[in-house]
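Each of the two complexes below includes subunit A, the first together with subunit B, the second together with subunit C.
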Partner chain A sequence: MRHALMVGLAAALAAAPWLTASAQTEDEVNAEFEKFRAVLEQDNPAELWEVKGEQLWKTPRGPKKASLEKCDLGLGPGVVKGAYAQMPRYFADVDRVMDAEARIVHCMITLQGYQYADLAKAPFSSATRTPDPVSIVTYVAAQSEGMKFAPPQSHPKEREAYALGKEIFNFRGGPWDFACASCHGLEGKKRIRTQLLPNFADPATAIAAVQAWPGYRMTGGVMHSLQWRLTDCFRQQRLPKPDYTSETLSLLMTYLTVNASGQTYKGPGIKR
Partner chain B sequence: MKLKTLALLAGGATVLASCATGPGGTHREAVRLMQRDFKPVGIATMDRLKQDEVQAACNQYSNNPPPDVAATLQKKQLAGIKWPADGKLLGNWKEGEKIAQRGRGMAWNDKPGKTSRGESNGGSCYNCHQIGPATTSFGTIGTSLYQFGKARGYSEGVQRYAYGKIYNAKAYNLCSQMPRFGHSNSLTEQQMKDLTALLMDPASPVNQ
Partner chain C sequence: MADPMKIRATLQGDVADVRVLMAHPMETGQRKQAGKVVPLHFIQTITATLNGKQVFAADISQAISRNPVFAFKVKGAKAGDKIAITWKDNTGDTRSDETTVRGDS
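Up next, the complex of A and B:
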């Protein structure tokens, strides 16, 4: 698999003229990237973390020497299939809406005895380390591949979460007056540099916010989840940093995922 | 009596609950949660989550404020622009080009007045604008600035408009997506002069 991956990468790189400075139109550049992605997806690197995440899910670990097989992701203890596509959702035991990674971290704390402070110390992947929750959320997400996004909006707190997430999405602040919407709420096919900016407020294009996450990111060659992506958005907005798995992030994810409701999730993917 | 008290309490609770969901209530609650959940890192301090009157108005009116609100606030923003004491608005377009290309600065991983790499802050101009003809990887959120001076003429009035717009875009269009580079101390006076030269110097590649 690894060999096939490298061959695929080499072939794709050779056929990737946008990597050199060129005067291509945005559509040409994006078409080239999609070709590259298609080649890479034949041997999706995310699978490596799915396998690791599955082991982490099933192995008794932590101070309490328990597995995560009793973790309730919203469809009942231990039910993983389809859970990711139906999150974020309201959990009565914590009286808040949680996204998949926030719920996994919650289970690691309550079932396995880990400390939040330890998990939150360095929660994002680097070239040398992938934190366990990232691998686990990749495994959990893979079990929703091919299913339609359907985060519930039946509980009042879920509807409130959508409304609050929308406010967070549109909140303009910081020295540069940026909101999420400054880049991702624009009409027409706008772009930053050559990167197309899908409008996440528009149900027709909102799927781009959640599709292919968790994703293997070619920049840096690491596995990242939506927790990382949204946190980095706030960095680029020049705002302070949201706490790992905080409610604010779950609310924002609720807004984004509900906007993508009804669209099919292709599983962990590849990101630029 | 007891029932009455209960009814009053229930009524009060309903009023409180509706405050959280009424007009503006959801916004206030979202801001409260952000202020609770965010932590300062480096130069990205918590005051960045406190909206000023421009940000608040643009949020309140979904970036489309009534003309009178826009006019009043734009006037105040315009009055806050500090024009160069030496009266000169044009710096070095070559430096301006570098500032326009650079997209870093002001984030929590950057340093005060500098990027994480120790360079002076960038203006991120190419992220959103077409500017010089050599760069084809430009963004399209803002209008094209190619041939900015050539098309408008090289008058002092146009120079002032360019410098002022870079200093505080909200003085001209209240809910513009463009940052207020001078107002927010993101760029120095010299950097803003250099950017003005990039747009307004007849020798700049922008005007060829």
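Up next, the complex of A and C:
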């Protein structure tokens, strides 16, 4: 038994792309990773949160015992199909641009009677706990699978959001004098270890910023949303942490999503 | 209460291809959090039935990953048949879900 296991391990190592990387070009290495990802996408645990999120969306909950089925994600109350691909967008009732998760949290507060302070206390997933908004945004995002990103830019506030998002993207600060653009705005291919750093300012590669989010992270087996990812970018830049669902994050998401306009969203994905 | 499973059962000829995603922490009892060992918490048994008749059973260990995927094939299934899956973990927690076999598309 042990012998068979060792043989199996040896075979697996021989096939491991990272061990033969020196003999391959960067593109070949990435192609191997893409194959690995494609296999995993067939049974993506993110679907577990789609199921859970759907229940949370439809079940009367919170102090007001209401479901989220009257929540307006921009296409009318309760319309979920295609809503995610057309966000962030301007909402007149709050007079600001909101991304999907910010809007869901807004609905949980206004329709269900939850308190922002409670939702913002521990808004991100851990190995043992996934906050409800993360599950709900996964469900909502899944209803835009196969659709093209088309965040509106018709309202002046939406155009302003794009411009401000661009400012944030290029704003250098913190002890390391970093901007998002320091890593994701460079010409040519840059990478950190094996991770390619796509250029999010270039429409051809900007899709990488928003594709496969919300995503299931294999490291730790945790479901994460774009709110978490962008908040983590601020941490990586050693900048102050933005508030959960704050306008800053919606503005940055507007910039990133508009840059990816016209490209097809593949639904909640899987991450390394 | 445990979270729902996601079950897919697709017919290929007279064989149903069943794929199940389960939401479970699958703690190995080896991991530490803030200096304390996270206690063992894992699925021990999985059973599958086709229209109430058992077709698959497995005893598994903590060596299986978090949020595991199981795939198996059931011979002689027809479109519309009911596939039900039940798991039980070492804390006595259990969860059952079912789905209907879909014809080939």
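By our rule, the second predicted complex is superposed on the first by the 247 of 272 C-alpha atoms of A that agree within 3 Å, B and C clash if a C-alpha of one lies under 4 Å from a C-alpha of the other, contacts with A are read in each partner's own complex, and residues count from 1 in each chain.
Just so it is clear, a contact is a pair of C-beta atoms (placed from the backbone, for glycine too) under 8 Å apart; a residue touches a chain by one contact, two chains touch by 3 or more.
Quick caveat, the model's predicted, so the values are computed rather than measured.
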* To do: Could you tell me whether subunit B and subunit C fit or clash when both sit on subunit A in the superposition?
  => fit
* So, does A:Lys190 touch the first partner subunit B, the second partner subunit C, both, or neither? -> first
* Determine, under the contact definition given at the top, whether A:Pro242 touches first (subunit B), second (subunit C), both, or neither. => first
* To do: For the superposed three-chain arrangement, provide the angle subunit B-subunit A-subunit C between C-alpha centres, rounded in steps of 10 degrees.
  => 130
* Asked: Thinking of the overlay built on chain A, is A:Leu164 touched by subunit B (first), by subunit C (second), by both, or by neither?
  -> first
* Asked: Which partner reaches more residues of subunit A, subunit B or subunit C?
  -> B
* To do: Determine, under the contact definition given at the top, whether A:Asp43 touches first (subunit B), second (subunit C), both, or neither.
  => second
* To do: Report for A:Trp176: first if it touches subunit B alone, second if subunit C alone, otherwise both or neither.
  => first
* Using the touch definition from the top, say if A:Gln115 reaches subunit B (first), subunit C (second), both or neither. => neither
* To do: Mind working out whether A:Thr59 is in touch with subunit B, subunit C, both or neither, as first, second, both or neither?
  => neither
* To do: Determine, under the contact definition given at the top, whether A:Val51 touches first (subunit B), second (subunit C), both, or neither.
  => second
* Once superposed, minimum distance in angstrom between C-alpha atoms of subunit B and those of subunit C? -> 12
* To do: Please identify the positions on subunit A that touch both subunit B and subunit C, taking each partner from its own complex.
  => none
* Quick one: in the complex, what on subunit A touches subunit C? -> 43, 45, 47-48, 50-52, 55, 127-128, 216, 221
* **Touching residues on subunit A, where the partner in the complex is subunit B** => 21-24, 160, 163-164, 167-168, 170-179, 182-183, 186, 189-194, 197, 234-236, 238-243, 246-249, 251
* Spell out the part of subunit B that touches subunit A in their complex, as residue ranges. => 21, 26-27, 29-31, 33-34, 36-41, 44-46, 48-51, 54-55, 58-59, 62, 106-109, 126-128, 136-141, 170, 177, 179-180, 184-186
* Quick one: in the complex, what on subunit C touches subunit A? -> 3-6, 19, 21-23, 25, 65-67, 69, 71
